[in-house]
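Two complexes follow with subunit A in common, the first pairing it with subunit B and the second with subunit C.
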Partner chain A sequence: MTATVAPPRRPTSATRPARRPRPTYRWSARGFALPAVLVVALLLYLPFVWTSYLSLTEYNGLGDPELVGLAKYSEMLTDAGFLNSLLNTVYWVVGTLVLPVGLGLLVAVLAYGLKGSFWYRLPFLLPYAISGVAVGVIWTFVLQTGGALDEALALLGVTDPPRWLLDAPLNTFVMIGAATWQGAGVNALLFTIGLQSIPREPLEAARLDGASGWTMFRTMTWPMLTPLTTVVVGLSIVGSLKQFDIIWAMTKGGPGVSSETLALTMYKETFVNNDYGLGAAVAVFLTVVTVAASVLYLRRQLSGAKEL
Partner chain B sequence: MKRTRILAGATAASLALGLAACSSADDGGGEGGDATLGFYTDKAAWEPSFDAMNEVSGAEGKTLDFTGYSDTTAYDSFIKQSFRTKKVPDLFTWHTGPSLGELVDQNLVAETTDLWTQAEADGLVPEGLKDNYTYGGKQYCVPLNVAYWAVYYNKKVFADHGIEVPTTFEELMAAAEKLKAADVTPFHQMNIIFEFAWFQALLAGNAPDTYQGLQTGDASYLDPEVVEVMDQWKQMIDDGYYNDPGVTTDPQTLLKNGDVAMAYFGTFLSGQLTEVGAKSGEDYGIFPMPSMNPASGGQMVLETGPLCVGKGSENEQAALDYSAWWMSDEAQKTWSDERGEVSFNPHVKVDDPEQQKLVDAATSDDTTVQQRYLEANPLPVYTLSTEIFGDFVTNAPDPMPGLQRLQGEADTYWADQG
Partner chain C sequence: MGAVTADRLRKTVLVVLGLAWLAPVYLMIVNAAKTNDQYGVLSVWSPAGLGGLWENAVAAWTRGDLSAGMASTGLYAVAAPAIAVVVGAAAGFAIVALRLRHGFAWFVVIFASTVFPMQMLLMPLFLGYVETGLYDTRTGMILVYTVISVPFAAFVMRNFFAGVAHQVFEAAVMDGASTWRIFWRIYLPMAGPALVAIFILQATLIWNDLLLGLTLTQSAETRPVMTALSALQSTYGGSTMPTVLAGGLIVSVPTVVLFLLAQRAFTRGLALGQY
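Right, the complex of A and B next:
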């Protein structure tokens, strides 16, 4: 009888006790990371710190900023124009959640599974290839007084159409419509990817249990789309808070300041009115709102997902 | 060893980035004599005209190295930033009024008092133009150009409806009424950029002293003369005398096509009308805006843009020499011919008789030349006015709340000035 003794095996990574990296390695890693950290600090953190500082100053872009404490924030919060911009920004956030996201979801769900569904989605996707400014110019031709829409309405006997780009808040609403024309397609594409990633088995099981149509969507598809919806809604909130190009191309925030959003107010106060302090205060406010909205929304959604 | 090299490399990279971002202005100066001058402007489309000027100024040994911007906001930011670097522009175009005042306050532009004294002695500048360039009793920059604000009209539309060129405000209103009755829009106006135009036209003619008083804090937006003007303006809007401000077609095209019969603009519109194929004297004419109050006499609003020398720039003295040359008869004749626009130099006659009539009117004894509203008023008040007048042009609301807001802003501004 011979007994065989297995040779001692080398410990695997799973069995090996974790070792702390050698100090030399740690220093090398920091050395490699340092240039990137410096670039990020220089290009992202430093401008924000500088902008925050400017928001506490009176500054016209020349000479040295003069510290005025929170005066610019006080001026901002008591300015009727700012409050109007805030309201318009809320319209944009709500509007782009309801329209581009809702329409994108509708297109994705209705086209999903159909033969040749790509061709149904394609027309919605094409405007996404156009820049925001070009979208603004196109829709200005359509919506200006005596423009394409007014001409079309005149053929139908409407001789006194609304002043699409002149009356507030109608001008903001029609610009949200233009943004929907551009943005719904990409949302439809994202939702389609989400639909494709849903496993078939639970849906089959639900179908066997008699679920179909709206019940199937409400109880099965929609909850399983949650991760993708979180991304789409998150992007939509951030995008709408900093909406600029379409509005600038279509109304420049006017007439007066009637269609300004916070992003336009920030730009106009800084570069048109040369009040860098006030522009910086609006920029800080907008940044805080955008980051807070994103963090709160994502934290809520992601903690909900963990519980699932 | 390796670690040391990596850290050293990273530190060197960050230092290089830091140093690149931290260059600062130094004292330039430079000598006169032959030079190629760095020249910056927001009038990118005017490059051919400046090329033509180079052909003439080249004989004097000075030419411009042209850099043009087409976006004024981006250009203004660029110029302001340039004063924080070593590359202070030799010559650059800017804006009169508070914008130039800011540069003067920061000691960023070279003084031109001697140039103005000589130009006045030689009769190269009209009386009163100097006021646009005077800060604290000294002059800064020289005029790049001027534009007189007047009423352009479509000659065919006037002829078709038997309308003579109005010489009084009453005649102007009668012409408007006649055109309106014939379903022709009498006047052009816009709710952006030039939303102040008709306020300026009416107030300068109704109460010249009040128009000037608003610029100095001696008059109020709530004064009866101002309210009268706003009521008149509102009446004209309500009567349908203006085009719909939602129309985004260029004013020159609207005027050329007869979509509007008249447009109150600066003489820069002549160049734009030429670009769309309209001929002065044949397709369109120009007349001075009649004063709303005949007792005010003739009133002509003048707009002027400055050509400035960066203080401490590399070729400061040569740039000042160029500025002096710019005001000369030779330079201004070339410029006027090239641009097809009036010159500030009284010795230079513009080839366009319609514009020359304006110059003659402006320099006559019974006409007062006023500054344009945009440049003449404090920046915060003008900024608010774009909102108030933009809304007024669009919706013609009750003018009083807007006037009260404007006066509130003016009160705050003048209180700050002590």
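Right, the complex of A and C next:
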């Protein structure tokens, strides 16, 4: 403990070139970062570990979780309800890529450069400010049996309309429609930001060379939008995987489990059926898929941040 | 000439699509304003004045418990983002201005947590909240909403502070200011517009939340407004549909108004979040 001979010291800060911050700020830097790191660790990372653990157990919310290895995963993968939910989730991902992203791009391109383009985009943006539950309320009203859509169709002579919310997979498709109504506008806004950042000179040059309309879009605009498209596509995939509110408000995953997605299945297995182990297994599965999809755009976001 | 026709075509497509987009909003307003008698008789597409709007709104507000939900959510949507922007800005300040060791790694740790779906957190949050007595309390809801807002706040603020010359910090140090003072008196005020953009986006997100409310609350006093609306929809419906629609209208007004007033801040926030 009482060292008599001091060991040879590494050069002190006085002799080292001063490119590192002065040590005086080391503790204060930690102090400022601590609250954020602490809350994120306690309420986001710890639950993450806990759920992963629960997915290896049999647990009904009471008593103690009992370790069962991968049993819950094999139960999950052979469960018809889960496979149906997985299929619906695939519909959601693909549908969201085609509809809200495609329509968003269409609206952005059509409105770009028009006088008063903000006003042309506004109707599409408005639903974005409305919550998923309220969107669900509105569209349930439109699509319920004998609802607004059926009434409009009756005027056109369709007396036997499809049962929009009752038959699968139609109920999933119409809910993707509701999500499109909500989400297309924000994609249009993002694409507009992208269009505004494209330099004008090359476009002008191409125009002088006689390019116009579709050719112009395909050969000039679209390639220059690619970085932004990556972000929009990534956000849309992740958003569709997380979609809960609209489905909860319109069908609660029903009839039966016919319109459940993974996000719904996790919730219902856990909090309705009290099968925490199975719910956790579904959560882990959903997380793996979501993280894989997020890498697509996160990498770009973080590399963009690092350059700053 | 060709350009003029093309512009006209573009406008036509946009107007037709835009009207289709507004149709559901029209249906909601028109039918939220019908009395129960009118609703049973008239086509849902035809307007009938605003006779029933007040009555339906009152029914949703009182019998549907939206009043308590609005009060709780109002508190959550103001308190949580306000705390979160400061916590996030402090982290950004530590990483950029104070040059926290391994700052970028910590930044990734904080931000990467946003990729977990909420489903991964619900179960432990529920169990932990029951264990610690935070379940079904307003404190618990403010805490969880704050935490989910922190990563985005830290992300935007770190990027914002990265654009500030380090000389600003050094000059303040020369003047003898403490880091605490530099943060509160120089860095935070400078970041005003970014803070507002984060605040507005997160407040909207919290206002519209259903899932956390569903999982972590129970009583009408603590339940957030979207969870209350969802319950209202399950209880009413059918011939009392106007009440549910009026409820949907009430809870949408604050975010739509905020959005229209702060459209630029929204756009800025989105742009900040994407790049």
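In the analysis below, the second predicted complex is superposed on the first by the 259 of 308 C-alpha atoms of A that agree within 3 Å, B and C clash if a C-alpha of one lies under 4 Å from a C-alpha of the other, contacts with A are read in each partner's own complex, and residues count from 1 in each chain.
Please note the rule applied: a contact is a pair of C-beta atoms (placed from the backbone, for glycine too) under 8 Å apart; a residue touches a chain by one contact, two chains touch by 3 or more.
Model, not experiment: these values are computed from the prediction.
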Using the touch definition from the top, say if A:Val142 reaches subunit B (first), subunit C (second), both or neither. second
With the two complexes superposed on chain A, say which partner A:Gly256 touches: subunit B (first), subunit C (second), both, or neither. first
For A:Leu44, is the partner it touches subunit B (first), subunit C (second), both, or none of the two (neither)? second
Looking at the overlay, does A:Pro223 come into contact with subunit B only (first), subunit C only (second), both, or neither? neither
In the superposed arrangement, does A:Leu165 touch subunit B (first), subunit C (second), both or neither? first
Touch test for A:Pro202: subunit B only (first), subunit C only (second), both, or neither? neither
Could you figure out whether subunit B or subunit C reaches more residues of subunit A? C
Between subunit B (first) and subunit C (second), which does A:Val291 come into contact with in this model arrangement: first, second, both, or neither? second
Once the two structures are fitted together, what part of subunit A is touched by subunit B and by subunit C alike? 28, 31-32, 35, 39, 61, 140, 271
In the complex, the residues of subunit B that touch subunit A are 2-3, 6-7, 9-10, 13-14, 17-18, 21, 73-74, 76-77, 80, 83, 99, 102-103, 105-106, 108, 191-192, 244-248, 379-380, 383, 386-388, 390-391, 393-395
Which positions of subunit A touch subunit B when the two form their complex? 24, 27-28, 31-32, 34-35, 38-39, 42, 60-63, 81, 140, 144-146, 163-167, 252, 254-258, 271-274
Mind pulling up the subunit C residues that touch subunit A in the complex? 2, 6-7, 10-11, 13-15, 17-19, 21-22, 24-25, 27-28, 31, 43-45, 87-88, 90-91, 93-95, 98-101, 103-104, 106-113, 115-128, 143-144, 146-148, 150-151, 154-155, 158-159, 162-163, 179-180, 183, 204, 207-208, 210-211, 214-215, 226, 229-230, 233, 241, 244-245, 247-248, 251-252, 255-256, 258-260, 267, 270-271, 274-275
Using the touch definition from the top, list the residues of subunit A that touch subunit C in their complex. 20-21, 25-26, 28-33, 35-37, 39-40, 43-48, 50-51, 54, 61, 107, 110-111, 114, 120, 122-134, 136-142, 147-148, 151-152, 181, 186, 189-190, 193, 212-213, 228, 231, 238, 241-242, 244-245, 248-249, 262-263, 266-267, 270-271, 276, 279-280, 282-284, 286-287, 290-291, 294, 298, 301-302, 304-306, 308
